[in-house]
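Same chain, two partners: chain A is paired with chain B first, then with chain C.
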Partner chain A sequence: MDLVGLLGFNVFTGVATLALITLGLGVIYGMMRIINLAHGEFMMLGAYTAVVAVDAGVNIWVAMLVLPPLIVGLIGLLIERAVIRFLYGRMMDTMLATWGISLGLIGLVTTLYGNVVRGVSTPVGSFEIGRYGASLYSLVIIAAALAALGGMLALLRLTRFGLILRATMQNPRMAAALGVSPDRIYMATFALGAGLAGLAGGVLAPISGVSPAMGAAYIARAFITVLGGGPAIITGTGLAASLFGTINELVAFRTTPVIGDVVLLLAAVLLIRVLPQGITGRYLRRSL
Partner chain B sequence: MSDPMISRRSALRIGAMAAGTVAMPFFARNGLAAEPIKLGSLLDGTGALGLEGKRMIETTEYAVDLINKAGGLLGRPVKIIAYDTQSNMQLYTQYAQQLALKEKVDVIQGGITSASREAIRPILGRSKTLYFYNTQYEGGVCDRNVFCTGTTPAQTVNHLVDYALKTWGKKAYIVAADYNYGHITASWMTKFMKEGGGSILGTDFFPLDVTNFSSAISRIQQAQPELVLSALVGANHSGFYRQWDAAGMKGRIPVGSSVFGLGDELTTMDASTTNGIVTCYGWYNNLPAPKSVAFVKGMQAKFGADVTDLSELDTATYDGIMLWAEGVKKAGTVEREAVIAALESGISYEGPTGTVTMDGATHHTIRNTYLARPKDKAWDLLATFPDQFPSDTGGACDLLKNPRTSKQFTPDLKG
Partner chain C sequence: MIPTTARSGTIAGPAGFLAVVACGLALLFGAPHVTESFGLVQMTGFAALAMFALSQGFVWGYGGIMSFGQAAFLGLGGYAYAVSVINLGDSTLPVLIAIAVPMLFAAALGYFMFFGRISDAYVGVITLTVSVILFQLFNTTSGSQYRIGQAELGGFNGIPAIPVINRIGEPGEQLDIEGLWAVAMSALILVYVLLRAILASRLGRVIVAIRENETRAQLIGYDPRLYKLLAFTISAGIAGLAGCLYANWGGFISPTVFGLSMSAQVIIYVLVGGLGTLIGPMLGAVLIQSLIIAAGTQSMVDSNLGLGLVLVGFVLLVPEGLVPVARRLVVGAAERFTARKRATPGAEPAAANPALAEGGGR
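Let's turn to the complex of A and B:
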């Protein structure tokens, strides 16, 4: 019974982690059809922001939850203005450009902070599930993922900005005809996606080794989850993360993490074969 | 607009300058009384292994500096010809050929990962270039052309397991990196545990890009071992120790590791995460012996006070160069056969780690090893094991009797 509790808790954590690392990518891909290969590096920048801020004496919660999305969002904004905005509608070119940016960011951070593993300590302790120990910090990850998904949902559904965002996504020309500047909206969306990636990096910093190349370890799963989720960004991310996260955690527990990843990939291949448009391409099509 | 054409005079001038530059080494060589001895260095100064490699490169410079300040070898200065292999296997083979065939160096010191060693070992064997491999590794290389100065599992992992069996219990769980180092080290851990009357409840291997260890930690908890042995490697795997601590496992199940702390774990991780993880290496940076203190002081004087992360990788590099120098002195020449014969005669010298003796039969070092655990970001020395013999091949490797052997022995679990 204790074990079931621990496993259930791990599954929730796995799902939350997956949702958190995917959301930023989903926003950029879902809204603008840009495959952002620098997503992992945006996470890495978020993690570095947290580490540097904690070292500078900033409160750890501010350093993890507030600063990374702001700073990485700002960096995303700069990159969008400098590079991405010239490439809208050219998928191959944006892939190449963002890949170049990702290599550049890894090089830059290596030059600035060295090729070393850094980290911050987890701010909360552990608790007991029966005779098993589990990390309280997992609750922080779950809360952060719920807050990010809920926040995005509220933003898209309840605010005027969200309405304009959805309109631009559906039909940029019509939106432009009604006085909206798609250029501005794209800029804001890219910064938003980058900020969410930064948040993921900041939240995951205490439980992973923070190094310039850390993004590579997350990016593949994020892409699979976005593709599996389909066009509805929030529902899709949530559903795909729940499906893949559960499969991965359970299989990894029964066998090894390697087999866990293999089965996750197999599940993704099957899903894309059956639902080429992702889960929300067939079901819940009117959701966000 | 300037004239784009090169006039005849300027062409002549450029030509003369170029000829002079090309001929320069020739003049310079004749100008000096003694031609320098060439020491080739192949280490990763940049890339994934740059952190470790940078210090090893600095150690190489420091050791050669000391030799030259003491008058060089055989009255000749020693010159380093170093290439940065950039954590790239292809560059290892390319630069090894360049050093051996073009520069015709007298010895090559270097290689960090076992993969890089295996990439260049055959090249240097074919070109008959003496090779020193200076890192702690999984042991078992048996090759007349190669001398290994780092510690091997028979010198370290056995003590780690021994300590674990005596202090913690008999039931162990092994977590290791999924490549040759992790697999071979896990085999050693299993072998030593079983020989000591213990049992292994499970062994999990993790590719180097695994970051989420929650399922692994749950599996370990379910198996309920009395101790965990880790051969996890690299930046992503450092997450294991953080997540282990975060799950509150730190106080419940003790951890011993064969690699922890060789990088910068002690300076970058929280004391609560690192405290108490027991390790066994050939050297720790706060050993009180005078030679050890002098090594750290000397490195800091040359490269700055921030050189606080020296490890066994660096002292083994130092040992490699110094043992080679002793061999050259004894042989009276840098000629390969004579130096190998001198080294096989059982050369010994006093270094930062204590007395280091080259074992002629295995081409590995007989050296002291130490057991220690981190305590508030410094090493707390638990035990010293003097003159440990590199018995990894169990007597199967005898290069004095069978000089033509060239293979790597791995532990036999059936035996």
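Let's turn to the complex of A and C:
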């Protein structure tokens, strides 16, 4: 019974982690049809922001939850202005350019901080599920994922900015005719997606080794989840993260995390054979 | 962004083809007389990577398939060769296995991708993801329980001391440096000729037609899914052979062959050399690899930074690549020359002009 409780908790954590690392990618892809191959490196920058801030004596919660999204969002903004905005509508070129940015960021961080693994200590302890100990930090991850998903949903549903965002996504020309600058909206969306990636990196910094190439460990799962989710950003990310996170955790529990990823990939390949547009391409089409 | 100017059957076609083959043969027989063994070893590596670039240039430039995880096939080929040659001793069959394993893998993966009719971008993401996961998978194979026959996979450290290709049927007679160069370079020339033959055949023309306009090709009666799968599988076989040569060249293979930077490098070779050409990717491979080696001797800046800047720079500024740009410059100069000739009284109008303006062959 305790084991079932622990496993359930782990599955929940796995789903939350997956949703957290996918949301930024999903926002940029869903809104702008850009597959951001530098997503993993944005997460890496978020994690480095947390490490550097903690070393500088900043409060750990601020260093993990506040600074990474702000700083990585700003970096995303700069990258959008410098590179991405010249490539809108050219999907393959944006993929290549973001891949170049990904390599460049790995190289830059390696040059600045060296190819070493750094870390932040977990700020909270553990609690007990029956005979087993579980990390309280998992609760932080779950809370962060829920807050990020809920925040995005509220932003898109309830605010004027969200309305404009959705309108631009649906029909940029019409939005432009009504006085909205799609260029600015795309800029803001890219920065928003980058900021969410930064948040994921900051939150995951204490439980993963922080190194220049750490992004590669996450992007496979994030890409699979975005593909599986389909066009609706929030619902798709949530559903696909629930499905794949559960599969991944259960398999990883029985075997190893890497086998978990392999099975995840197989599940995704089977899924897209049946539902090429992802889950929300067929079901719940009108959701966000 | 696929250039529509790369058409076959223009006057530069056969001439360019013969010129490339002649250059290749000159290198094959000339290089051992000119360079020391160190240079020859380096050039053998270049030949393997040039073949890898050809596989990417074919599937991406002609098939229009965004295979962003081509390193998966390079690695599978390398590992397939290493495992089978350690078990079998004689290298003839392992070379064929190194081609067959990636092709089977690509056929299975491609079935799900192309028959699922997912969009081009998704193909890119899935192939990339597959290579990342293979990297992680092979990284965890350390320990003696992960062995295939007598070959230990060795996890992050990979498989050391892979036997070099031997004379056919004589396992003891392993090739020396010069012999391996001859094999690698001849294989490269053969693959180039094979690809040119495929592109000149009906199969190749249908593959290019699907790249140009999938719906139209389908309406004419060709099944794009099948032809894409064929192109993908052929390129996987070529990448596998390149992986086999790569393993021979280094004498060892490790999971880094599956790495993202390997897939990125081959994309950069093709993009720098020229998408939609075959000579471009090969030249790109040699150029970029020389630059990486030159940059490797300094330790101030990580080479990824340079590669990233090259990739972004080419996408923004020279998206068609160096070979098409150079060709356009040459053709432009030739046109100006013939135009001047035409202006002089009595000169014949240059009949070849329209063909020249079409942008040359491959």
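Following the convention adopted for this analysis, the second predicted complex is superposed on the first by the 287 of 288 C-alpha atoms of A that agree within 3 Å, B and C clash if a C-alpha of one lies under 4 Å from a C-alpha of the other, contacts with A are read in each partner's own complex, and residues count from 1 in each chain.
We adopt the following convention: a residue touches a chain if its C-beta (ideal position, glycine included) is under 8 Å from a C-beta of that chain, and two chains touch if they have at least 3 such contacts.
Remember, predicted model here, so these are calculated numbers, not experimental data.
Chemist: Identify whether chain B and chain C fit side by side or clash on chain A in the overlaid structures.
Modeler: clash
Chemist: So in the superposed three-chain picture, is A:10 touching just chain B, just chain C, both, or none of them (first/second/both/neither)?
Modeler: In the superposition, A:10 touches chain B alone.
Chemist: For A:258, decide between first (touching chain B), second (touching chain C), both and neither.
Modeler: both
Chemist: Quick one: is A:122 in contact with chain B, with chain C, with both, or with neither? Answer first, second, both or neither.
Modeler: The first partner, chain B, only.
Chemist: Examine A:224 and indicate which partner it touches, taking first as chain B and second as chain C; both and neither are also allowed.
Modeler: In the superposition, A:224 touches chain C alone.
Chemist: Applying the document's definition of touch, where does A:137 land relative to chain B and chain C: first, second, both, or neither?
Modeler: A:137: touches chain B, not chain C.
Chemist: Just chain B (first), just chain C (second), both, or neither: which does A:207 touch?
Modeler: First partner only.
Chemist: On the A-aligned overlay, A:216 touches which partner chain: chain B = first, chain C = second, or both, or neither?
Modeler: Touch partners of A:216: chain B and chain C.
Chemist: Overlap of the chain B and chain C footprints on chain A, residue-wise?
Modeler: 115, 216-217, 256, 258
Chemist: Along chain A, where are the residues that touch chain C in the complex?
Modeler: Residue positions touching the partner: 35, 37, 83, 86-87, 90-93, 95-97, 99-108, 110-111, 115, 212, 216-217, 219-220, 223-224, 226-227, 256, 258-259, 261-262, 265, 268-270, 272-274, 276.
Chemist: Please name which positions on chain C make contact with chain A in the complex.
Modeler: Answer in residue numbers: 1, 66, 68, 109, 112-113, 115-122, 124-126, 128-130, 132-133, 135-137, 139-140, 259-261, 264, 267, 271, 300-313, 315-316, 319.
Chemist: Could you please specify the touching residues of chain A with respect to chain B in the complex?
Modeler: My answer: residues 3, 6-7, 10, 13-14, 17, 114-119, 121-122, 125-128, 132-138, 206-209, 211, 213-214, 216-218, 249, 252-253, 256-258, 260.
Chemist: Across the complex, what residues on chain B touch chain A?
Modeler: Residues 46-48, 50-51, 178, 204-207, 209-216, 218-219, 221-222, 235-239, 242-243, 245-249, 252, 263-265, 268-270, 272-273 of chain B touch chain A in their complex.
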